[in-house]
Amino acid sequence: MADIEDMRKDFATVWVDVIQFGDADLISGLGKIFGLHSLALEDAVNTHQRPKVEEYDDQLFVVALMLDAKGSIDTEQVAFFIGEGYVVTFQEKRGDCFENVRDRIRKGTGRIRTASSDYTAYALLDAIVDGYFPALEKSGDTLELLEDHVISSPKPSNITELHHLKRDLLLLRRAIWPHRELFNSLIRDEHPLISKETRLFLRDCYDHTVQLMDIVETYREMASGLIDVHLSSVSMKLNEVMKVLTIVATIFIPLSFIASVYGMNFDRETSPWNMPELGWYLGYPFALLLMSASAGGLLWYIWKKGWLQ
Amino acid sequence: MADIEDMRKDFATVWVDVIQFGDADLISGLGKIFGLHSLALEDAVNTHQRPKVEEYDDQLFVVALMLDAKGSIDTEQVAFFIGEGYVVTFQEKRGDCFENVRDRIRKGTGRIRTASSDYTAYALLDAIVDGYFPALEKSGDTLELLEDHVISSPKPSNITELHHLKRDLLLLRRAIWPHRELFNSLIRDEHPLISKETRLFLRDCYDHTVQLMDIVETYREMASGLIDVHLSSVSMKLNEVMKVLTIVATIFIPLSFIASVYGMNFDRETSPWNMPELGWYLGYPFALLLMSASAGGLLWYIWKKGWLQ
Amino acid sequence: MADIEDMRKDFATVWVDVIQFGDADLISGLGKIFGLHSLALEDAVNTHQRPKVEEYDDQLFVVALMLDAKGSIDTEQVAFFIGEGYVVTFQEKRGDCFENVRDRIRKGTGRIRTASSDYTAYALLDAIVDGYFPALEKSGDTLELLEDHVISSPKPSNITELHHLKRDLLLLRRAIWPHRELFNSLIRDEHPLISKETRLFLRDCYDHTVQLMDIVETYREMASGLIDVHLSSVSMKLNEVMKVLTIVATIFIPLSFIASVYGMNFDRETSPWNMPELGWYLGYPFALLLMSASAGGLLWYIWKKGWLQ
Amino acid sequence: MADIEDMRKDFATVWVDVIQFGDADLISGLGKIFGLHSLALEDAVNTHQRPKVEEYDDQLFVVALMLDAKGSIDTEQVAFFIGEGYVVTFQEKRGDCFENVRDRIRKGTGRIRTASSDYTAYALLDAIVDGYFPALEKSGDTLELLEDHVISSPKPSNITELHHLKRDLLLLRRAIWPHRELFNSLIRDEHPLISKETRLFLRDCYDHTVQLMDIVETYREMASGLIDVHLSSVSMKLNEVMKVLTIVATIFIPLSFIASVYGMNFDRETSPWNMPELGWYLGYPFALLLMSASAGGLLWYIWKKGWLQ
Amino acid sequence: MADIEDMRKDFATVWVDVIQFGDADLISGLGKIFGLHSLALEDAVNTHQRPKVEEYDDQLFVVALMLDAKGSIDTEQVAFFIGEGYVVTFQEKRGDCFENVRDRIRKGTGRIRTASSDYTAYALLDAIVDGYFPALEKSGDTLELLEDHVISSPKPSNITELHHLKRDLLLLRRAIWPHRELFNSLIRDEHPLISKETRLFLRDCYDHTVQLMDIVETYREMASGLIDVHLSSVSMKLNEVMKVLTIVATIFIPLSFIASVYGMNFDRETSPWNMPELGWYLGYPFALLLMSASAGGLLWYIWKKGWLQ
């Protein structure tokens, strides 16, 4: 703890990153050192906050949602306390998207090393927003793959996959959406802690958030469209199956009937009215001709209906 | 009644909770003691109000909707009169979500015992908002269960269950939605009764309300998506059933026809043209071969169509 | 006419209610007595106005839509001229929802008898808004009935009834919606004719209008949901019908084929290859066994597919 | 041209109506006489503008869309230059909805003859807005007719007609929608050319535009609803057809099978096991009984399923 | 580089167009000459910006999206730096829609040669917006073609084509939409670089963008409508196919059954109960009559159902 006090004298900005905040003493200690507002501290530790900005006297309290890992859609809350000369962050779990920022600090590259606290906060928030792009790219790839499948050979599993994709996009939208208001509020509210220049950088974050929302919405509409295409091609397939059944049944059922008639056993000897055809010289060819005519007529009807294409 | 007058002298804040307001005298008595505005008092007793905030000179009148019990979606109106040193609440029925607040008051834990009336009102409103979460969790569980069913083995009853779930979410949305405006108005309108600090707490209530709306909307979209999945899998099943029917019928109908033909009774003795096949040395094997060829050809056609997968 | 002039001296507020305005002289006479603006007077008589508020110098002109009768969805225009000491209303037809207000005036109960013109106008507008609730209740009852039918035993007529219900709700929404703006404008615009106290009452009308819109929207979404449920249960029924057809056809078509084969008349005396089965000692039992095996195999296949549940 | 200059001295307002603006000289001449802004003049002649209001120093430039003819949905651009003492209009084609206004001017009835330029412009704009009502009435009639057809006897052509109706309504909406902003801007922007009284008249135009939008939206929702009804009744019909097929096939296929069995030619003389039924004293009645029992059982099953209603 | 410095002295406005910005030196050189803000320069080179306007002290930074080629829907980023006396543009690829502007500059026609930098920027932005119209026209043509196909003879491929069309329109909407805000911001924000007159011109660009959005939305709704029409006509076709199958099967299955019955081989010599019909004098005509009666009755039933139309 005393180290932190010391560091605050030596560096332009101190960034304290608290992960898996189980230790209540540590947290209250940090609260004392940096003068963190108790209500905000409660929010920081309570992990079901919505992304937001809250102004306290000499402090900004920001809650953002970070994706757990590359391409995942599980989110993790990150709370920021931004004050003169310090940034304190609280993360739920180990593993984050800040490695890049840490590298830049370690190597001392870029302006991050000498920057004031607002720039440090921007760099971290920017890393969080950028962390959403890989997840969206993955969704985009899935969508493209499903598009190919659905159009060429729709399978029952496709609809489930599309449903899962839509659900993921819904969750991403729910995570991304409030960040728009968050950045808007940071840019617009002119808090003294946020310098005019950092505001220019935050404008970029805002633009990225809007872009993320754009992509999510486009993907969602495409996925909805694909469900329609899927339903339609299932219908078309059913149509095709039924057409084959109908053609085969329609042609052969009358033929079978004719054959059945001449398979009846009426006693020709009792009366000349009983099935005289069976005794005709060309009875069998006549029956075959009758069948051919019936089949031909029906085929012609079916062809006229346009079912043979 | 006189008791209440006394208590007002002894405590920082008096909370009077009126349940099942049938007694008109009691109500007019309370109205006199606390100077409750008659129009607001009418609204408090009339149980079909929409959540709202109304400012009277030295009083805030707030109507909120509370869920009846854990996981239920029936709502009950709670009217609040918030004034200097007192909070009067009117509930429709016994049974509420204030037990937690009462416990804290009884045990004297937290700041609730010494707090001013605005904090007491906040604590009660917060309890109301928190009361919606279990109902939503229950809906979420139902949704997850239905998702499993619909994807693995859709049943006709699923669609009815999804319909009921959507209706419940619709009713929850209708109940939650106006609270957003309610909290927004309490935070924004700067009524002298609401201290700056309580406003910070009310911001939390507002955030929770927005979160509740988010969840309701997400669940509703998921339920709508599941209905699509359900309809689609019903269509796919129909397709499969029809394919089996078509394959069986398409193969056997021509075979039966051939068999019927050779079951005809044309008189072979009358003429050599009448069914000479019946007298061939290999007539029967020829007929069987004809049938096999026909079946084979159709199977090949069906296989080519991709219906055997 | 002179009577009206007299009355204006004797009463706090004069309410003139013009029904079936065919008499142009009467109307221009009234226009002169109360100084009604000619453009507004034209609007009042022209019966296709949208609910609105228009301010003239010392006068408010309000157009509202009233439901014709309890539970009907046909609307009738009511125009109000509200001035210092008078309210003039123009109705299209006999029969309205003001009986209640008239009763209160006749009996002299409540504040209506001594009230100023703004309160009288409020009382009438309130009666109009309250007149929508029975129509919505009727729609709600129809919806509940249809819900029961659609879920338990969907009939083709249900879809037509749902369509009519949706159309009625659409028309109700179109009628109610502009009243929201109407009341909002009366409350917000601070016209000197509307006292601060009446504004409190109008807030209630506004709340009722919002509540009406809420209910209409909820009912519309429920009706849309029921159409989905209906379509889905029709699909499920088709599935069931097709499953029965497929099971019966799939089992019996191969059996019939076998029977047909042994019904062929190939000449067994010509060659030992011709249908030797017919002469076997256990030929018939063999054929029956063959049929049983075929039927059993297909039943097993169908059972495995899960179509027998 | 000189005539126009003269007229400007003699009349309160000069209205110049340019139709089929091919003559560039004429247009530049008019531009000089009335001091028309060149950018606006370009817009007036370029016929793909969106309805809008643009203020130039001492001039208002208004573009509106007029329906070509009664009941048509093709629109034609009308550009207005409104200045002190003159209105210049540019129309694409001959034939407009201004005949009524011209009549009033010719007969000198109403205030149109002595009115200032803003009133003249209002009269023309009002005529344009009123011109949309017949087109909507025609759509309403078509919708009603289609409603009757779809509910009583849906035909494949209905869906195409509904599609065309929806497309027409879409185009009408696109044409009407920007006029709302146009009138709103004329009323709200307080341009010195528009007198306070004309603003009252323009409020009426605004109301009509809102009403038009209301009707278009209602019709569009009704048409969408009818498409659902149509799809549903097509499904119900398919269901009915399939039920008849299934009942007939389910009952007769087993019967035919039984008949086929007793049509087999197993040699009864070879063995007592071969088709002994054929030699029974009551063999034929037994077979008929078997068939009746089978048919009866299946009919009972079908009746129990509720398919015979 | 020095050339550019010279040119800045000689011309009213210098337009530098950078294509395929691989050369970092060139870019930093330009940055120095024109004093381009480094953050904006980064954005200009980073090709995934959203259309936007950003104000720097004496400079406007504008990012727009240009369509690659006539009728294509691939977009390319164009970044503008607009300052006193210069416009610097950065394009991703060769090939743009500025040829028209270049021609006007080369030929010295119009005001473009002597115009200030804001007019030059307007001319380029106008060319970008106008570049969207051919792409939309192509979509419109595709839509019309598909409409004809879907209504007259729907094919499975139509649904895929409609899906692709909807996707293209979605991407166009995503590209066009932010330009509306871009132009709105240029018109409204009153930056000193944008003269009042150029604002009038930019109003036209804004109008075009709104018009583009209108067309895209109309096309999207039409495409969605066509998918419904397609699904409906597929359903109607299935209905027709099933009706033919049902009629043929329903009529012939009972007939075949009758024929099968009289094809049974019960031994007439054993008992007078065994198939006495076979020995009747008019047995065969009786059987044919029975069949005709059955077929006639079923045809009458089917005709009554209205399935023969």
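Labels A, B, C, D and E are assigned to the chains in the order they are written; within every chain, residues are numbered from 1.
One rule holds in what follows: a contact is a pair of C-beta atoms (placed from the backbone, for glycine too) under 8 Å apart; a residue touches a chain by one contact, two chains touch by 3 or more.
These numbers were taken from a predicted model, which means no experiment stands behind them.
Its C-alpha atoms fitted onto chain E, chain C is found rotated by 145°, rounded in steps of 5. At the interface between chain C and chain D, under half of the residue numbers appear on both sides, which makes the contact a different-residue one. Centres computed as Cα averages put chain A at a distance of 22 Å from chain E.
Note: centroid distance chain B to chain D, computed from Cα atoms, is 35 Å.
Touching two or more other chains at once are residues 231, 235, 238, 242, 245, 249, 253, 256, 260, 263-265, 275 of chain C. Touching chain D in their complex are the following residues of chain C: 39, 43, 48-50, 52, 54, 153, 156, 159-160, 163, 166-167, 170-171, 174, 227, 230-231, 234-235, 237-238, 240-242, 244-245, 248-249, 252-253, 255-256, 259-260, 262-265, 268, 275, 277-285, 287. If you check the complex, the residues on chain A that touch chain E are 151, 200-201, 203-204, 207, 210-211, 214, 218, 221-222, 225-226, 228-229, 231-233, 235-236, 238-239, 242-243, 245-246, 249-250, 253-254, 256-257, 260-261, 263-267, 270-271, 273-275, 305-307.
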